[in-house]
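Presented sequentially are two complexes of chain A, the first with chain B as partner and the second with chain C.
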Partner chain A sequence: MRLFWELTKISFQRHLTYRAATVAGLVTNFFFGILRASIFVALYDLQTEVEGITLQGAITYAALGQALIGYLHMFSWFELMNTVYTGDIASDLLKPMNYFSFWLAQDVGRALVNFLLRGVTVMIGYAFLFDLYWPSGLTHISAIATSMVLSLLVSFSWRFLINLTSFWTPNALGILRFFFVLSWFFSGFLMPLRFYPDWVIRISYLLPFPHMMNTTMEVYLGVLQGPEIVLALLNQVLWIVGLVAAGQLVLRMGVRRLVILGG
Partner chain B sequence: MLQTLQLYRRLIGVQIRSQMQYRLSFFVEIAGTGLIALLEYASLALVFARFETLKGWTLGQVAFIFGLAELSFGVMDLFFSGFDPGYFGQFVRRGRFDQLLLRPINITLQVLGSKFMLRRIGKIAVGVGIVVSAVGMNPIDWTPLKVLLTGTVVVSQVAFFGGLFIIGATISFWTVESIEAINIFTYGGSMMISHPMHIFPTILRNFFTFIVPAIFLNYYPALYILELPDPFNMPAFAPFLAPLAGLWMLFMALVIWRFGIRHYQSTGT
Partner chain C sequence: MAIISVQNLSKHFKVFKHHRGTLGAVRNLFSRQHTIVRAVDEISFNIQAGELVGYIGPNGAGKSTTIKMLTGLLVPTSGELLVNNLVPWKERQKYVSRVGAVFGQRTTLWWDLPVIESLSLLQYIYKIPADRFTANLKEFRDTLELDPFLDTPVRALSLGQRMRADLCAALLHDPDLLFLDEPTIGLDVVAKERIRQFIQKINRQRGTTVILTTHDLSDVEKLCQRVLIIDHGKLLFDGALNSLKERFSSKRELLVEFAEVYDEPIIDSAEISHVDGSRVSYLFSRDDISASELIGQLSAKYRIRDLEVREPEIEETIRRIYEERLLE
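Our next item is the complex of A and B:
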């Protein structure tokens, strides 16, 4: 466990140094968030509440989405794939640490930096521009925090799993991109999932993506109440267990056939 | 001039052949870019059932400008992908741009010929599909002028987006690390132009009217073709400024690009 936190710390420090990238990311988050919020304002027009989400809630949704992208890192992650192609994976596999934890530790460090520098800043910035919805009460806030941590775990274990396809194909980039496009839509990043027709919602919940973002947003906005929250969190846990187990299984199959060329 | 064209054709030919090498991954990538465009449109179209309009505009009306923008951006990306800031930034960082500068051929032509993103065909196809369905959804009273204007809008938007890419590429001479912020110009500009401009805050809309004249490339031509009233009381010729706005953007971008090249200092790698 100490090894895990050491790796997290190193990754945290490494990501802290990417200052230019952080500032660029923030500027982008602000701009696109304002565009998305404008679209919500235009859609609501004279309506005050749609599917349990008020206009204020929808604007908060746009802000939250931008605040969480950096933290969740859902739309691109090719690091594990790259180590398979460069051969660096050989030394990573030899490390006295579970391979999944080895990457998870680093992702936690990355996520922490992005939560603090981008997530918090984005929310404070939007608070100046818009009248955002803020959660209140210890139970609500701890439910949000729990869901956020679970979101990261769903996001990471999914990214870990799909990166493993690089064991089987010499060019996994296209496959990974395809999956990242799906998560863009089905995670609820573009629109809250409950705005879609029922058949789209049903398809979404057959996939892991809603549990990466949509759930946390619904918990935050108070759309889910009491037992619904508990159920949603349990659902996230189930997906994590499933994805981690699948990751371990696929990894074991992949390692057996992995050939690393010397060099 | 003829020689230049021939050279361009050769450079592009090489690109196309190399991209067709891996057939399967080529088709997967076409499907991928098509899927991005389709899902982005779907995210808006599918929620219309719950909201009815986008500040007064029906789905058919929004689809019309959305499709035109997708189509134009796709066509632009075919030809101008050498200037794609994400790609060009790496090109500069790795010092490959320096190699091009050493060759006795026009640098702009070389960058244009350095990439030809064939996979954008997927996006173009989806754009065409959206425009066709939008034409079906709107009772448009087609006149020869409206047909001509629609075609002109596509060409003008290609020039406009191309200009945005060139400006983005030029910025990456100075900030090779801040590629993500340049996305505001390129993808931000395309997101603005694929929605009706009256939904955005005044300050943003004014910026995209008077500084970057995007409003004349989608909103005003659409108002004319779909026969909608103008909420901003622009002169009656505003819908026909599209080609001027597009060419102006491309021209300004080339001026900035030349300035960038004259002041370019290699990254030293």
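Our next item is the complex of A and C:
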């Protein structure tokens, strides 16, 4: 546990120093959020509510999505893959630590920096431009917080799992990019999943992606109520358990066929 | 009790056949033709606790592959491997907590962290008791002279500094066993000597078993009582370096400076390899004649001002073993 905390701390400090990257990310998130919010305004036109989401909800949805990008890091992560190709993975495997926790700790540090510097800033920025929906009540806020933490865990254990493909192929970049495009679409990042046709929604819930983002959004917007929230959180937990288990299994198989290159 | 026991250990790699050209690239998609490369082929040896063993061989001989299997990074194709009573790759976490490793070609420290932070992190990774950690760190800071760059990020270190930091990192947790993969590669003479002295000290004072791979035979000459030679995946030699020298040494050389210039100062049991005025060098082999006999014969016939016997370089011996395949 002490090691986890130390690794998180180091990663936190490291990501704090990436100032230029943070500012660039912030500007991009902010700009695309305004674009997406404007599209919602145009689409809603005179309608007050679509699939249980009001125009205010939809705009908040766009803002929240932009705020969470940095924190969840859903659309790109190649760090583990790179260590396989450079051979640096050797020094990680030579240390008596759990390989999954080693990466998770660092991802938590990264996520914290991005939540504080990008997530919070983006939400405050939009609060000046739009009339956003804000959660109220301790129960609601703690439900949102729980779901956000679980989202990160789903997102990370998924990214960990797909990065392991680099143990099998000399160039996993294409495979990873393909999966990242899938998560873009099926996580509900583009539009609330509720806006899609039923069959798309059904497919997406066979996949881990909705639990990375859509669930947190629906909890935030109050689309889910009472027992629905509990069920949604449980669903996230189940996916985490499944993905972590799959990751451990694939890791064990992968390490056996791993060829560490160089020197 | 052997700390490392290796029985018929092999590692084979599949290398897929690569067709050239555009048409070849298409064929590569469907072709699964491959050849088997026997990187390590049925090698066996035991190493006792406290030994300092040199593991040498030319590039691509299988040294690194063996070290990677010994450290648990590679799974053997066949054979048995027991280190510290554990099968390295099966119980990785438990196993690596008792060994240390330094790879000359890469660092095990965090690239963008100051040295001291990387080292501190190791305390938690290896769960080193605080007093042991403090004592070890203090000792290594002195012997390896780490203080001038403790707060420098690893990426900004010179090669020699990095190697010292890496050695410290590999030893903070008091490992039973230390693997050094080319620890002196690319270092200057002074830095090499420093690293060698440190390795020797660790081996003698702490009783740490050390396995050392290297291309620099003076490392082996200065440090190792025992040497393993591998080539083409096969273990060619296992024994003391001196016995290797005696068995395979090429001819010894006698350099003579005569008091006057002789026209062809021939002697039966040695051949002249070089003449430069009054200086003549003779090559002779240990089996034919001893140095003192040769000198006796020479001085009986000619007036000698000065002489010097040169032993063959170990490098020369090893080169001959690789090139002429003397041990196969």
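The criterion applied here is as follows: the second predicted complex is superposed on the first by the 262 of 263 C-alpha atoms of A that agree within 3 Å, B and C clash if a C-alpha of one lies under 4 Å from a C-alpha of the other, contacts with A are read in each partner's own complex, and residues count from 1 in each chain.
Criterion: a residue touches a chain if its C-beta (ideal position, glycine included) is under 8 Å from a C-beta of that chain, and two chains touch if they have at least 3 such contacts.
This one's a predicted model, so the numbers in the text were calculated from it and none came from an experiment.
Visitor: Counting touched residues of chain A, say whether chain B or chain C comes out ahead.
Guide: With both complexes superposed on chain A, more residues of chain A are touched by B.
Visitor: May I ask you to decide whether A:I10 touches chain B, chain C, both, or neither, giving the answer as first, second, both or neither?
Guide: second
Visitor: Which partner does A:I141 reach: the first (chain B), the second (chain C), both, or neither?
Guide: In the superposition, A:I141 touches no partner, neither chain B nor chain C.
Visitor: After lining up the shared chain so the two structures overlap, which partner does A:M253 touch, if you call chain B first and chain C second: first, second, both or neither?
Guide: Touch partners of A:M253: none, neither chain B nor chain C.
Visitor: State whether A:L231 touches chain B only (first), chain C only (second), both chains, or neither.
Guide: Touch status of A:L231: no partner.
Visitor: Just checking: does A:D88 make contact with chain B only, chain C only, both, or neither of them? Give me first, second, both or neither.
Guide: Touch partner of A:D88: chain C, not chain B.
Visitor: By the touch definition at the top of the document, which applies to A:A127: first (chain B), second (chain C), both, or neither?
Guide: Neither chain B nor chain C is touched by A:A127.
Visitor: Give the list of chain A residues in touch with chain B in this complex.
Guide: 20-21, 23-25, 27-28, 31-32, 34-35, 38-39, 41-45, 47, 50-51, 171, 174-175, 177-178, 181-182, 184-185, 190-191, 195-197, 200
Visitor: Which chain A residues qualify as touching chain C in the complex?
Guide: Those residues of chain A that touch chain C are 2-3, 6-7, 10, 14, 87-88, 90-91, 93-98, 255-260, 262-263.
Visitor: Of all residues in chain B, which touch chain A in the complex?
Guide: On the chain B side, the touching residues are 22, 25, 28-29, 31-32, 35-36, 39-40, 42-44, 46-47, 49-51, 53-56, 175, 177-181, 183-184, 188, 191-192, 195-196, 199-201, 204.
Visitor: Under the touch definition given earlier, write down the residues of chain C that touch chain A in their complex.
Guide: 13, 64, 68, 71-75, 89, 92-94, 96-97, 99, 101, 103-108, 110, 112-113, 117, 121, 124-126, 181-182
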